[in-house]
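So, here come the structures, one by one.
Here subunit A shows up in two complexes: once beside subunit B, once beside subunit C.
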Partner chain A sequence: MNYLRLLEMTSLKKMSSLFKSLLIVYFFFPLSYSQQIDFQSPQNIKLFANFLFCEKDYLRAVEEYQKYLQLIDDDSVQFKVAIGYSLMNDQTNALSKFGLIKKTSVFYDASKIQKLKSQFLINIDSIFYQSADLLINSNSIYSNNAYKLKNTSLLFFDKNLRSKENFLIPFGDDEKNKLSVFYNLKNNPPYKSETLAGIFSAIIPGSGKIYTENYGDGITAFLLTGLFTYLAYTNFEHDHPTRAWIFTALGSGFYAGNVYGSIASAQIFNAKVNFDFNEGVKLFLQEQNYFTPSYDFCK
Partner chain B sequence: MIFVSKKIFLLFIFFIANGFAQISLQQQFDYSNNLFNQEKYFDAITELKRLQFFDTENIYSFKSNLLIGKSYKAGAKFDEAVKYFTLAEINARSDDELFNSKVLNARTNILRRTTKQSERILNDLMDDPKFLSKQNEIKYWCGWNYIFNDDWDKAYEIFNQNNLDTTLANLCKSVDDEMYSEKFAKYSSYIVPGFGQFYTGEYLSGALSLSWNVLFGYLTINSFIEDRVFDGIMVGNFLWLRFYSGNTQNAEKFAIQKNLQISNKALQYLQFNFAGERP
Partner chain C sequence: MIINKKYYLLFLFFLQFSSYAQTDWVRWEKFDPTYQKQDSYLQRDYDLSINSVSGLIVKPVINAYWFFVSDVDGANCPFYPSCSSFLAQSIKETNLLQGVAMFFDRFTRDTNVFGRLEHYPIYGKNHFYDPIALYTLDKEKIKIIPAKTFVNVE
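Moving on to the complex of A and B:
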């Protein structure tokens, strides 16, 4: 009897263990399947795209984000796609992607100013100014940013600028200092007159180059023209016509070259003034991120 | 007994779980490799980067970095290729893997003409006793390094050693024989103005150079004979010396240009007609 009871208890224990084992199987087996990585699941695509974005591999990140957007509607990802294009300097695509951000999205206002930046970088034309004016007159938190970008863009054109006070209205104190310098340079560029440079060099060889701040060339032109003129004169005087004509040719060549060179030097000087000014404004805009907010998606 | 079974069972579940993850990583690697073989390098790189992102235990670090490097190399993005070959070197788990990644790194450096860097990598491999059996392969790439460094003479010596590669040895020899000596072109023009130009086959330029130097040399000497010392110094300095130094520079420039043409022609031949392994 005792033996039978013992057997019964052992069987019950075994049954209980078996039941526990089955429970473990029930919970763990699906878990084991879940360990198989689904590379193309929306979450994993997004995770991978975020990784690529932070690695600054924007081209691949954008491709992955777009794959994700085919599965899930996500305005933050849509915004990142547009930012990705903008960071790759593909402003045409950036513009169209910023345009897809819906009015209901929290990124709508930000997309407007980013769109303006893209338009600015594509071409500063009437469409840019229309968009800028729309944004300036809207209730957007970025309307002043648009105002700043619009006013700075005016520095790239030869048109007369509005009064300094009006021009500087949207800017803060630090920006005002820099833009005030740009404004003055734009209105009174330190150009050199090509005509004056030519006349100076025609009267005193080399002086035109000195006027255009090309001191080394100016002194050389003065000495060489003077030297060859003297040599030509003294050879004619002492009846050595061959050498005299050679020095005359050399002296004339240096004289003509010095006049032409002075005019060219003034043109180069003015081109450099323009180049330095434009580069300065571009650098200022880059430092200011074109008055758009900067985002750190990789914190 | 039941307790022991449970332990075994849990271990079994654990290994199965890991096994599935590894299978999917393996599948991902195979997929990437397939893209690489189809010459879809951009996609291959994307998929390999995806593999690296999910390969948290770095099981495929070496393989993926090596294949990314190869893809960038095939797309002529040599800077990126070098970066990934270096990462493959860091993740190499055997001597063979280390050797492969280093050789690929050196080959990429040869292609992007950073020959000093490839020379350093190849010399390191040469000095490493682990790779004594691979000396011929290392020397082969050293030869190519000399070719891309325009050192055809040294390349010939390497390829000719123990008949390493007779085709390349003969080619290097013929290119080296065809090359003009830049120093000879320059210094011969110091002795006879225009000679360097004649040597490089630029006869008109050589004749003009000789004529100008004769004319201004005569005028300079004539000035001194007529006791017009200042005239002589001026003509000598501004005309004769100018044309004399110009003539030597010109001769050297012609030799450099001709050598570049010969070298480029040889490299073009190697690119399109050489059947052996190239960097």
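Moving on to the complex of A and C:
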């Protein structure tokens, strides 16, 4: 019996020591494999940067790509760095990075149209038009895109636009419809005349504001001027000269304010027309991606 | 005397709470609460240094209005700048006659309570932004901010 018990205890001890040694092996096993991956290898840096780029974390992606470019010369990565800056709307850096793309690169032509987009967004007018003309007259596959961007950009400036037919030459049918509307708006903006607004309000208080589509203010101006004129009139009629003169002063003030305000209202209306027009063209350009090709680096 | 390690650790453990605890002196010290509504919207320029004849006529009246009426009554003007500030600024920016006309026009807008949200940008929590620059008749100064946009000037 004692012998059996001893045997049992021995086997238990053995089991316990075996278990302990297994535990040690278990914990040392990952250690032996750890740090085997070189995270700073060029391939891994590029993989991580690609991941960041596809996650739209362009700032960190560009940083990682720059690290990669210090080790390996890669034109596609250079192009992605420039695209990253462009997507972050850092057009100055984008412009300089697109300038680094070599003529031998497959991205050379694309970098030209991207540079044009950056120049347009930085508002370097003279350089933009020079570059646009160069690209239009070159044999690049993006010549027509440059032509489109140049013509659309003309809508922002007060220069005389060329004839509608010439203006619409580079555009496709869908684009033509929209740009035709913009062209007509540019040439005949639905402005309101400041003089007319002033005259209307001088004849019927508030009508100038109604003319400038400021209906609530127009009706209020009419009521206020009318009310104080009526109060002045009745007070004069009932021989209350002090009150009458106070109401006359107030009525005159509202009358003058209404004429002045109608002119200001027409100016604001016209400024809004310009603002809406510019916003519309900007939105159109954004929708068209500034006539630059779209890339899918994240397939 | 040998210190029991267990009790020593326990002592240290509880000591850390007391060292980080707020003292009663902070909690019960004298505090003067104010129930006055803090409003950065009302930044009065009481300066009486007169630079023009119009300033000589209008500024003391505006200062008196601010001191005796507006500051007591509260910030009731729905616009920023308030109507009285608008008058002061418009006279400063233009001249007495134009400034007064601008003020009457502003007062008309102030009286119209309809459709403000569709018309003006929003300043702060509950004011509409209606700057002087839009009404000086100088086209260069007009900067359009779409209605309902939150504006934070200064």
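Following the convention adopted for this analysis, the second predicted complex is superposed on the first by the 263 of 299 C-alpha atoms of A that agree within 3 Å, B and C clash if a C-alpha of one lies under 4 Å from a C-alpha of the other, contacts with A are read in each partner's own complex, and residues count from 1 in each chain.
Here is the rule we use: a residue touches a chain if its C-beta (ideal position, glycine included) is under 8 Å from a C-beta of that chain, and two chains touch if they have at least 3 such contacts.
Predicted, not measured: the structure shown is a model, and the values here were computed from it.
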Quick one: classify A:86 as touching subunit B (first), subunit C (second), both or neither. neither
Counting only touches as set out at the top, which of subunit B and subunit C does A:131 meet: first, second, both, neither? neither
Please indicate which partner A:37 is in contact with in the superposed arrangement: first for subunit B, second for subunit C, both, or neither. first
Name the contact category of A:118: first (subunit B only), second (subunit C only), both, or neither. neither
One more residue to check, A:260. First (subunit B), second (subunit C), both or neither? second
First, second, both or neither for A:248, with subunit B first and subunit C second: neither
More residues of subunit A in touch with subunit C or with subunit B? B
Using the superposition on chain A described above, determine whether A:221 touches subunit B (first), subunit C (second), both, or neither. second
For the complex, which residues does subunit A have touching subunit C? 216-217, 219-221, 224, 253-254, 256-261, 263-264, 267-268, 271-272, 274-275
Note which residues of subunit C are touching subunit A in the complex, please. 98, 100-109, 111-112, 114-115, 119, 134-135, 137, 139, 142, 144, 146
Write out the stretch or stretches of subunit A touching subunit B in their complex. 14, 17, 20-21, 24, 28-29, 31-33, 35-39, 44, 47-48, 51-52, 57, 60, 63-64, 227, 231, 235, 238, 240, 242-243, 246-247, 250
Subunit A partner, complex, touching residues on subunit B are 2, 5-6, 9-10, 13, 16-18, 20-21, 23-25, 28, 45-46, 49-50, 53-54, 219, 223, 226, 228, 230-231, 234-235, 238-239
